[in-house]
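In this document, chain identifiers A, B, C and D correspond to the written order of the chains, with residue numbering beginning at 1 in each.
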Amino acid sequence: MFSRSVLRSFTSDLRLTAPSSIASPFTQRACLHQTALLRTSQQQPQSSTSTSPDSPLSATPRAQSSIPETQTGLKGFSSTQTQDTPQIRNDIPIEKQPLPPTFTSPIEVSKTLMEQLPHLAGQKPHYVVAELHARPFLLTEGDHVRLPFLMPKVKTGDILRFNRASAVGSRDFTLKGSPHVDERLFECRVRVIGVESEPLRIKEKTKRRQRHTKTAKSKHRYTIMRVMDVKVKSPEELLKEGAVVVEDKGDSPQVETRS
Amino acid sequence: MATSLIVPKRPFLTLPFLLPSWSDSLSLGTRRYQSSYRRTKQRLRVKPDASFGSSQQVGDHIIHNPPSSAPSVYHTPNKFLPSNDARKAMRTQASAGYNATELPNVHKVEAERKYHLNPSDIEEIRKLRLADPMMWSRHKLAKRFECSPLFIAMVCEASAEKKQIQKQVLEAVQSRWGPKRRMAREDRQLRRAAWGRDE
Amino acid sequence: MPVQGLRTVAAARNGVGAFILQCKRLDFNYCTHGGSSRGMLAFLTQTLPDFARENPQIEIRVAPRHNKHPVIKGQYINGKEKAICVRNMEPGEILKKAMILKDASGDKLKRTKKPVTSLNESVRGIWSPYHGDMRGV
Amino acid sequence: MKRLQLQRWSSTVLSPRARTSNRLHQHLCSSSLRHQSTVAAVQESTPELKYRLNNAHKRSANLQYPSPPVNAALDSAKLASLHARLYLPSRLPLQTLARTLVDASADSNVDFNNESLATLGHDLLTYYTSEHLLCTYPRLPLSVVFAAMYAYVGPKTLAAMSKEWGVDLATLPGGEVDPGYLQFKRVPPGTVLDAETEQNGKRKNWRKTVTSKVVYDDEFGDPIKGSSNSSVGVPAELARATSVRALMGAIYLHAGRPAAKLFFEQHFLSRSLNISQLFNFSQPARDLTRLCARENFEKPVAKIISETGRLSRHPVFVVGIFSGQDKLGEGAGASLLEARERAALAALKGWYLYSPLNVRVPSSMEEEGASPWNPAHVDLGEVIS
């Protein structure tokens, strides 16, 4: 449940912060990994991830020296990345599929939402109910997440952006989507920090009147992540990114104030 | 008291854990024992708050739903916000559901302060306290000069002999404490110190 | 003194700012004589240089260990060690095992039921019966 | 402001081989060397053997030095992996990284130990931390600022950080030791470490105020110790802390200010610290009254918001502190006194933990294209009673 938008933000980040932050050994590594990714990604990925091994460097620019010539290599890298856009499939429930990028038009924000947004953005800390394979995870900044599965095609150190959330909130306010919040309203980045496995499970399978006992073994592996930031964008940021304020559609009151 | 005034906003029928569960009573005839697990599970099945259900509104929207929990210290009270802070203007309509003037005080209402003692009185208090510390204790002086014992303590100090005597009295009392009482007293002091660290 | 400060140590959150790979060192042991090390020898000559180049964070040691099966040992930052025996394995399989050691955190394997563990206090606070959803009648 | 030519200075750190031009190339060379020395051991070829023999000779020759020579840094696999693990800037050469790992107790020569780098790094760390704390929580009392500074960049935290980076300790310092180990002289067992504090006991008596700590003490509110006798040895915690500080100084020197600040944000600020747990009040109710008097608020009054079981064994009182119509704080306790104290404490923390929106620190103005500076919130100061 990640999107290409992350790449866009990465590249924009990089263009903004001039230190291109990647020494050539890392680009080399990136290219190696890139080939590996392309080889395996013939079948369309279910959860499209932004697998870039050097993204710990690019999302938050590392303490690296500025070498201007690596910029071009990076651009090429990101352009190859955008090739695999998620597609809708019929055999999988819609909430388990990756969201296609919906950036054909600038984000439309209703007037009341724009008025309420400073309340939410001004109250820290924030939490997000991010959905991953239709499973909700309540995350705050710095949380340690152990996914109940092994996420394919991610490497240790990758940064992913969760773009499907059912709610983003602070203590008193909650931004709810129907069913999902627009991904341009918030930012939730996680970093893959490794793969862990559970202790070996041994299940004894017995059948009646048979002396033989079959033992079934299982040892699952899980992806471990760390939430880097959970952020709600403020109205100024949204307007800077080209948000369009529209009139409200519904006549129902937007604020359900409870005493 | 305040508790008697406070009732849940929801009607009783919407709180399923307050009602006897019908399935339990039906199954009594067939089953011998009620499963305690099932009972607790059923009692705990409280509906989530209405604000967290699916709402009919289309599009992203923000709701105001303050939690049922003790306030956090990171949220500065409105009065403490500096005047140039943007949040001060935002938080005007927040109301707590009770009127501060109607709530009962923790302490009884303090007597009006009189400020009637003049320097000569204070001199006299000091003189009396030094002259006969056993006779003129803080309380007696307070009664005589119609002020609080705290004020007496602020004005003058007991003589060294009196302090020594008081210390000996305290030691004599404490020497008669058994281990239980001593430990209870120490625990109380530790708990008291823990308040300051907010533990 | 009205208020005193209590001294603590800020807790680490690896990955929030900087990310540090927990695998510190990989030891590759092989035997020049034994047949079970054949795959390992091929791995050491063909795949390992690339592996080392891709993971500069890991110190790599190669040492012979005669008349024993080949072993990969991972040393972790928390001081623990994990070892995987790679006897009779093909270079590809050995690479997979090396990747397992590289991605591991070094902690003891544990069974956890909750997916999210947090150091932060709850954003909306802990529910209390004395707050919220009440009103005077 | 005129830019400082750090690049020129940084070359002086690497006195034997000052090569400012292409450090990246150097870095690549070092890593490839490492691969040769480890991987190619399988083939056992003759040039390889020669190389190793040479190495062995070098090692015995190194015994005369108190710390590893500068050239040894390029051969150390440990050092190269540490460099890559921390994503250090490639401008920071391995030789300087090796130097940050040599404590003054191992090598007393200031040209080879990390003392000068540590001084620079310590100043940077404390500056960045204090500006962050003062801008984020402008009303924090000074004693809590000291405690927070200690939690972020105190020696205990730095030592823990060094452990989390995977820096190992050398058992004994020496020229033949791998430069990837932290070299310092250990304290012999049985040495009393706190001998100095007993001497300072007298001086402590007459300096009790927080203000005197600002003037006389270090950034954690501790009395400044004289130069420690390094010939006796240093505890491992202190040696680790010094090396982390030295690394910060080395990054600043070689890669410049932005890199140093980034390193600080990623490794130090990203740690989690709950500032509200650093407070220890003795008389919160009295302080709150003083505060309200100072700020011209109405006198704080404690009122019962709700209660249960007053006559039972476990009563619960929820008490709020009100100033006029506004609630300042709220606390729950088993007695009215406890609830009131806790409520006053919550109100005081609410005051002290005020944090402005959109916090910016002064050093953010050093970035290129920074937006104009808005004055940070400055508070009157803590409540003194």
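Methods note: a residue touches a chain if its C-beta (ideal position, glycine included) is under 8 Å from a C-beta of that chain, and two chains touch if they have at least 3 such contacts.
Chain labels with UniProt names: A = Large ribosomal subunit protein bL21m; C = Large ribosomal subunit protein mL43; D = Large ribosomal subunit protein mL44.
Keep in mind that this is a model prediction, so the values were computed, not measured.
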| item | value |
| --- | --- |
| Two chains sharing the most C-beta contacts | C-D |
| Per Cα centroids, the chain farthest from chain B | C |
| Core chain by centroid distance, with centroids computed from Cα atoms only | D |
| Between chain C and chain D, centroid-to-centroid distance (C-alpha), Å | 25 |
| Distance from chain D to chain A - Cα centre to Cα centre, in angstrom | 32 |
| Centre-to-centre distance between chain D and chain B (centres being mean Cα positions), rounded to whole Å | 39 |
| For chain B paired with chain C, centre-to-centre distance based on mean C-alpha positions, whole Å | 47 |
| Numbers and ranges of chain A residues touching at least 2 other chains | 25, 56, 60, 62, 122, 124-125, 142, 171, 258-259 |
| Residues of chain C engaged with two or more neighbouring chains | 6, 13-14, 16-18, 21, 53, 56, 119-121, 124-125, 128, 130-131, 133-135 |
| Shared interface positions of chain D, touching two or more other chains | 31, 87, 263, 266, 272, 277, 279-282, 305-306, 308, 332, 355, 357 |
| Touching residues on chain D, where the partner in the complex is chain B | 276-277, 279-282, 284, 297, 301-308, 310, 319-320, 322-330, 332-333, 336, 338-342, 345-347, 349-351, 353-357, 377 |
| Chain D contact footprint on chain B (complex, rising order) | 1-3, 6, 70-71, 73-82, 85-87, 96, 98, 100-101, 103-107, 195-198 |
| Contact footprint of chain C on chain D as seen in their complex | 31, 34-35, 38-39, 41-43, 77-78, 80-81, 83-87, 141, 143-148, 150-152, 154, 156-157, 160-161, 163-166, 180, 208, 210, 221, 263, 265-267, 269-274, 277-283, 287, 305-306, 308, 316, 318, 332, 348, 352, 382-385 |
| Interfacial residue positions of chain A with respect to chain C in the complex | 25, 28-29, 32-33, 56, 60, 62, 125-127, 137-148, 156-157, 169-171, 191, 193-199, 224-228, 258-259 |
| Partner chain A, residues of chain C touching it in the complex | 13-19, 21-22, 50, 53-54, 56, 100, 102-105, 107, 109-112, 115-120, 123-125, 133, 135 |
